[in-house]
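One chain, chain A, appears in both complexes that follow, with chain B as partner in the first and chain C in the second.
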Partner chain A sequence: MIAITKIGTYLPEKKISNLDLLDKFDTDEGFVRDKIGVVSRTRKQPAEKASDLCVKAFEDLMSKSELNIDDIECCLVVTQNPDFNIPHTSAIVHGALNLPENCACFDISLGCSGYVYSLSIVTAFMQANGMSQGLLFTADPYSEIIDENDKNTALIFGDGATVTLLESAKEGLVALGFEFGSKGAGYKNLINDGKLSMNGRAVFNFTAATIPVSVNQLLEKLNLTKEQIDRWYLHQGSKYIVDTITMRLGLDKDKVVFDMYEYGNTVSSSIPLLLSKDLENINAGEKIALSGFGVGLSWASAILEMN
Partner chain B sequence: MIAITKIGTYLPEKKISNLDLLDKFDTDEGFVRDKIGVVSRTRKQPAEKASDLCVKAFEDLMSKSELNIDDIECCLVVTQNPDFNIPHTSAIVHGALNLPENCACFDISLGCSGYVYSLSIVTAFMQANGMSQGLLFTADPYSEIIDENDKNTALIFGDGATVTLLESAKEGLVALGFEFGSKGAGYKNLINDGKLSMNGRAVFNFTAATIPVSVNQLLEKLNLTKEQIDRWYLHQGSKYIVDTITMRLGLDKDKVVFDMYEYGNTVSSSIPLLLSKDLENINAGEKIALSGFGVGLSWASAILEMN
Partner chain C sequence: MSNVTAEQILATIESAKLVKDVNVLDQDKPLRDQGIDSLDFSAVLFNIEEAFGIEIPDSDIDSLQTINQIVLYVNAKV
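On to the complex of A and B.
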């Protein structure tokens, strides 16, 4: 079985405080803290590209593991803000890290559902091709596309990157099952002519209606109840959406992880950022749930178990 | 097993003749016909996007199959010329085709190796998730990025799209194995600052050296000899590169498919365009080889068998 064994992360040092923008957007601290859930947002240097963020996340992974670069057999990058459209960012990362020639590289274009989708894609791909070690990067520097004057998006997104080490290993987090969905007809609720432009109400309604159903379908498929899930890792879209899903699913609040106050919504990196902090503390036999949702409209849920 | 059962294609009606450009590029008909292998190049309408080409390929697929749209469980688009960077083009295709909500959608960013890579990605993903029917689109309208005055690229690329129907079926083409590779450090031989800019000599040398090795490794892994392969479908980069690989592998020329004179190098669509013409004529038990190579630098080879 292919398992998640380590996660490296990178959050830029530079931060922008939402508290400095309360007047500009005619709002208050209670709103940015308790509804958006973002007090400050991480911000990369303008010259840094998605591949640079990936390389920094990889340095963190190397500090946590005894990885031999020559053993890496595949390298995926999940991004919708690639360095360039051609080549794929994973090729640039491949070159920067000096990965071996027999390493398969490709990018997945997905947003906030990208990590959960890609966990399925990469584990299936590795298993089918007999690969033992792979890297799954997420990097979506939204600072490149945000309109700083758009109240609906300017206070939410932070820059960051992660890399998940996937190994054919006896110990680690292993996926028990996935559930996927798409509503392409609704993509304009988040994007207009390729530009980020969020219809907050429509996106909220879609998420609040769709995610609980997706999670329940997955639990049913796996013959599990929500009480058997030890921790919930929902995409950190905003505090309000995480709270709403928690309520609609009737979850124990203490089991639902929330942590974006100091860096914001990092798109495909939001779930692995949470997981990286907890990974060492998940006990064998414990089950966790992930659910990502956003641009597309797209969503994916997964249940994993610690072996 | 997940099998290729049908392939739909789209080539725009409009063509640009390379014979009209012989003076401009100080070349002759022998060169464009026998070295490049492209006499005319298909050209989409300027307003047509990658998703529009996908929809037209799907219309062709529908005319060849008795597909029920509500049964489609996944939809991939391989492209490096997406409609927009956000959302993924597969979401737009999902909306345009009115695919069901439980259909998983994502894009793969890869160039000329994209079809072979994605055959492995999508079949592994479908198998792991118990899916019975999926669509694999390729669409890379290079007319959007080509410099018409650059002799190294202007005479080569044509626009097109394909869609491969993948089904859990007893009859169809089934993959026996894959081989993948990457050389990210060399990506600038095809791209400079995100713009197509081909170092023809370097790309030729890379391909001529790498692809025969990749193919031979795959044959060895599968305990097959090249004589057991009934037909060879190499990426149609140019006639010269197909001829060179044929010679270096010592293949019987009659078994190597070549057909790009009338439309050009269609990037990720080149191999499925060839396959679409032959699919009905491959007999049960026959084996075929695919190999794609290009931007990244990236390559992938596969052996498939007709069930």
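On to the complex of A and C.
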């Protein structure tokens, strides 16, 4: 059984305060704090690349575990802002961490749905190939593509990275099931065409209409009810979208995790960043729900249980 | 469906919990001047689209600032 056992994270120390930009964007602190849900955004150094952020997340993982690098059998990186178009960023991470030569490496090109999609991919890949230890990185430094004068995107995104250790283990978070989807006809609503542009209304409509349905379909498939889910980890697109999904699903607000005030929307890293803080406190038998959504337009939801 | 009323539009806004008390809204005054910010306004339009089975293109939004403008628009679309 492949389980999530540890998560390492990295958030750059440098931050940009949205409170300093209220006049520039003709907005107020209430909107920034209570609607966007981002007070400050983390920023990597200009020279840092996605692979550098991955390495720093791995250093955090090493401080939390007794991992032997020679035992790592696969290494995936979820990013759409890779170091280069060629080669894949996971190869660069492989070299930087001095992972063994028989370690499989590949990238996954997905945005905010990427972590949930990739949990399914890496779990299946490891099971199919009899692997015992794998690393799933997320690192999508949007600071490289943000137009700092675009109100639709400039106040939202932060840089960060995570690495999830997946092991063949008796204890850890194990996936019970997934649900995936795409609305490719809407791809232009969130696109990097030189700089990132977003049709906020279209992305909101997509999310509000699609994610509650996706989650309910998954619960039904697994013969579970919302009440049996102990904690909800929704992609931290904005506070407004998390609140909207919470309301439309009729969730207990106390069970919905929200924490992006101090770093922003970190794309595929948002869910593992939340999980890393809670992982030690999820009790055996408890079930959690994940849902990632965005670029594509794409989404993936999952239910996991702590063994 | 025909004769969508202002009360139905207000009920849709109320059900989405976008305003504490929809009865205080002036039906001839732009919603954005009555405490409904850009995100709430997107949600208002989304809930109206969903409730009345219509699609509101971005190009029509500028003409949908007040409750009464929305009522006329929805009645023309349904």
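One rule holds for everything that comes next: the second predicted complex is superposed on the first by the 303 of 307 C-alpha atoms of A that agree within 3 Å, B and C clash if a C-alpha of one lies under 4 Å from a C-alpha of the other, contacts with A are read in each partner's own complex, and residues count from 1 in each chain.
We take it that contacts are C-beta pairs under 8 Å (C-beta built on N, C-alpha and C of every residue); 3 or more make two chains touch, one makes a residue touch a chain.
Because the structure is predicted, anything quoted here is derived from the model rather than measured.
Judged by the number of chain A residues each one touches, B leads among chain B and chain C.
Applying the stated contact rule after C-alpha superposition, one finds that A:Ser132 touches neither chain B nor chain C. In the superposition on chain A, contact of A:Ser65 is made with neither chain B nor chain C. Of the two partner chains, chain C is the only one that A:Thr244 touches; chain B does not reach it.
Contact with chain C, but none with chain B, is seen for A:Phe204 once the two complexes are overlaid on the shared chain.
When both complexes are overlaid on chain A, the residue A:Asn216 reaches neither chain B nor chain C.
Residues of chain A that lie in the contact sets of both chain B and chain C are absent, per the superposition on chain A.
The touching residues of chain B, counted against chain A in their complex, run 74-75, 80-96, 98-99, 101-111, 114, 117, 120-121, 123-125, 127-129, 145, 178, 180-187, 190-191, 193-194, 196, 295-298, 300. Taken together, the chain C residues at the contact with chain A in this complex read 16-17, 37-39, 42-43, 45-46, 49-50, 58. Contacts from chain A toward chain C in the complex involve residues 31, 35, 199-202, 204-205, 208-209, 238, 240, 244, 247.
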